[in-house]
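Have a look at this one before I ask anything.
Each chain carries a letter (A, B, C and D) given by its place in the written order, and its residues are counted from 1.
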């Protein structure tokens, strides 16, 4: 990784057209910004262009607002959307959980040691179980019980927390409720879920039990953006774990925890480092 | 691996009942057979017991026929089925292919250097394309074209080759035809297919194109025994390969070749070394 | 995994000799013990035999002491050493750490949710840093500072904790001190260390920096029993992680944490489930 | 992969200096070349910059010679070295082997189906064994025996083949001779060797036997550019394979074949697609 203290990230996408790279790189050169890492990809099937650039301003007094305003003008010619991320930026996050704590525990650890550049503003749950874990890390914990009848009210409470904390990303760390269409839409592109199977295999409930029934020799986990189609949102990354005939369903549950944690935290890291680009139902991921 | 020159394999299964291991091990001890490797597993959900034993007779003049006859009597008390495999035994095999040659090429190489203890008696195809490859390895190649109308006749031809060659295993090395129910039944437990996806994901035709559409980040291959339910037969082993947004469908096809070859040859090796036990819709695999 | 409530484990080893399996299995049969899983291996190069058996007594009132006494007599004929582990047994453990907390945090989590059948009796460190983490899990924390001069006294303190807690296993979870020969000998076969490289590559200090210098494309971790030869003790298991030119030494340190945690906890699980057999400088590991 | 029929590759490196990306991208824009994929990296420790660009000329009549001449002028200001690779270019290659044929067989297969964009001009060996294999693929085979005394003459013969065939890359596909310093120097940056261990572990002879002695639980293979320091040349890529106590040295040899083939062919693919940049003792690899 380049020097974090002065590493800016510019992430952008637009329709394919001559000059898509040049519009970015020339602008950076003109402002004396040195590009330390760059990755671009043109998707010939969708006709869409993606670019991620890490750079460090070489001149004194880099003015981010001016940079954004001026670049917006150039970008407009290309119908390019972009995002500028300053050094040391920690993305405001809300985590949603139910009773299982392995993914939460893993995220909290990475957060605590500074490995994940996130700022966990709150933890929301439909159960009270994980309050102590949150408390030890000094993070607000909101227990919002849910029933079929109270779902709209509960989601309103959740939404209120997201808004009040200014969360830009919601992490569903084994939150065992299906979000409403309305909620999915509000969180489009900024809510990451972990599903404990290699999607599209074993969608829905109890995927490890489904996996046992089929007798598969590999299980896995899928981190994806949520959308209104359950377990069908755009995939960010997937992990895999070999299993055998000696693994009963409860063993798959136990064995799967590690790959769930690793897959979810990798997806979050990719997202907050602006390595994931979302277009239609697919992602472009500029992994390291 | 133990010394091949004197390595016998006894593979057996039966309902769970006190004494299932003892009936095997006591018998071997009495006949002065030294057990070099043993693996047993009792499946508590199905109530079924599986055991695989490698041994070397320490007395002169080991008599396999007498061994089988005498052990059969003991095994009968446990409703145990078993199979005794002598040292250096090469399983008679017929390979079925269509046009893609990567799996065939891989199997032929392993066969040629003696890595796979098989005896390839014939290669059968619905296309003439791979005849040269077969010829270079000195193996008979049967071209039996197939159409919807001629399917029964074609399968009769295939069956005739299997019978005349005494093949005990049929390997479908990217044979792109669906076998009839009748053929599936005849080959039950002794025909291994390679499907180019992580089943149960992407069954049926063009799995790499399906995988591209879904935007998955892992592709894979599944080796399984065939049965009458397409791509639903008992799974022996699976392999996996990471892919990215930059892999178009044709790239997935190319990238998948290696994992298909490795997965299929591993399944064949497991089968011929008697490491795979089939029970109902599941396999028990005593891998090394 | 078989039903834990009634799963006994018998692990044994002895010189290779006709009847090594039979002496175990016949004994179990006679006492009406049903074998649910068994794995044996005869090492032809060292002439040594290893066997691990999971069983469940079918008769009422299984008497472990009587079992051990009676089996000892039979085992003696084969110079067989053995160990009987009752259901639900949690191995008494002391963990040693320095400042890095990732492995400790990981072990504590698995301990807390009951995934690792260990009973952590104390945490010992040459630094005070991780006391809070220990406290939150309700585990005694002993801070024993160390200098070149005070090493003998410090090791005496450590040894005293090990003895008083009755620890049967010591886990060196990134303890950054070299143990004395005397200490190594006392802990022979019951102290597991995690080294952050793929041994024998990059022994000694700062292995990730060494790895960076060499420009390797894979880093890893090795869990091994300690002995008097630094980083040369018998290997239990190893894990691996791909890296690239873009990973500076500090990135390798960060990336390596996960594989260190996974490799160490896997080694501990294998050890406490009696899946690891130590003989001379090698291990036999009956993995699931 | 982008459309091969019109995919040009520009690979370049130079000292770190403001404008290193811009000098490339502006030039391409001016000549109406559309960038379909780009990856750049600045190594802050060595102060060196690397860039790889895939592009397609949008104007009719792209003139490669003019392009190179004009770009050379700009590149000179940055002390930038570069290489332009036209669509469909197949790199002229000589393969060197001894008796083991698995890597050769694998390379020939990928060559035959067009998966590796290489043009195998000749196979050179110090043994006659693999002549048939070469013949079946229609490739010239040169048998140059070698002894300690005839080594200079033999290397002169080899060099003569390399020169006469115009080979730009030499692949040492398990060639079991150490090349002289002189030969290493002549082939600097254009000879790839496969070593059957995870370097720097187990350098030199019989690495699998060394691995068995150490009791490692992972073996592997390393593809690297050769230099005058045996098994110390810059690493391109590495592969790994889990092994167990049950794998005797001859099993490691057998198990290792697959990972050797995969690792070597991956390195060759990376090299011919201009994804590998060599600087001092390290490589920068822009993998897909």
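Basically, a contact is a pair of C-beta atoms (placed from the backbone, for glycine too) under 8 Å apart; a residue touches a chain by one contact, two chains touch by 3 or more.
What you see is a predicted model; the values in this text were computed from it and never measured.
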| item | value |
| --- | --- |
| Most distant chain from chain B by Cα centroid | A |
| Centroid spacing, where centroids are CA-atom means, of chain A and chain D in whole angstrom | 36 |
| Between chain A and chain B, centroid-to-centroid distance (C-alpha), Å | 41 |
| Junction residues of chain C, two or more chains touched | 37, 41, 44, 244, 246, 248 |
| Chain contact graph, described as a line, ring, star, complete graph or other shape | complete |
| Parts of chain D lying in touch with chain A, wherever the complex brings them together | 2-3, 16, 18-22, 25-26, 28-29, 32, 34-42, 44, 58 |
| In the complex with chain D, residue positions of chain C that touch it | 41, 43-45, 198-202, 214-218, 220, 234-238, 240, 244-246, 248, 281-285, 287 |
| Residues of chain C defined as touching chain A within the complex | 1, 37, 101-102, 105, 109, 113, 115, 136, 244, 246-248, 250-251, 254, 257-258, 262, 288 |
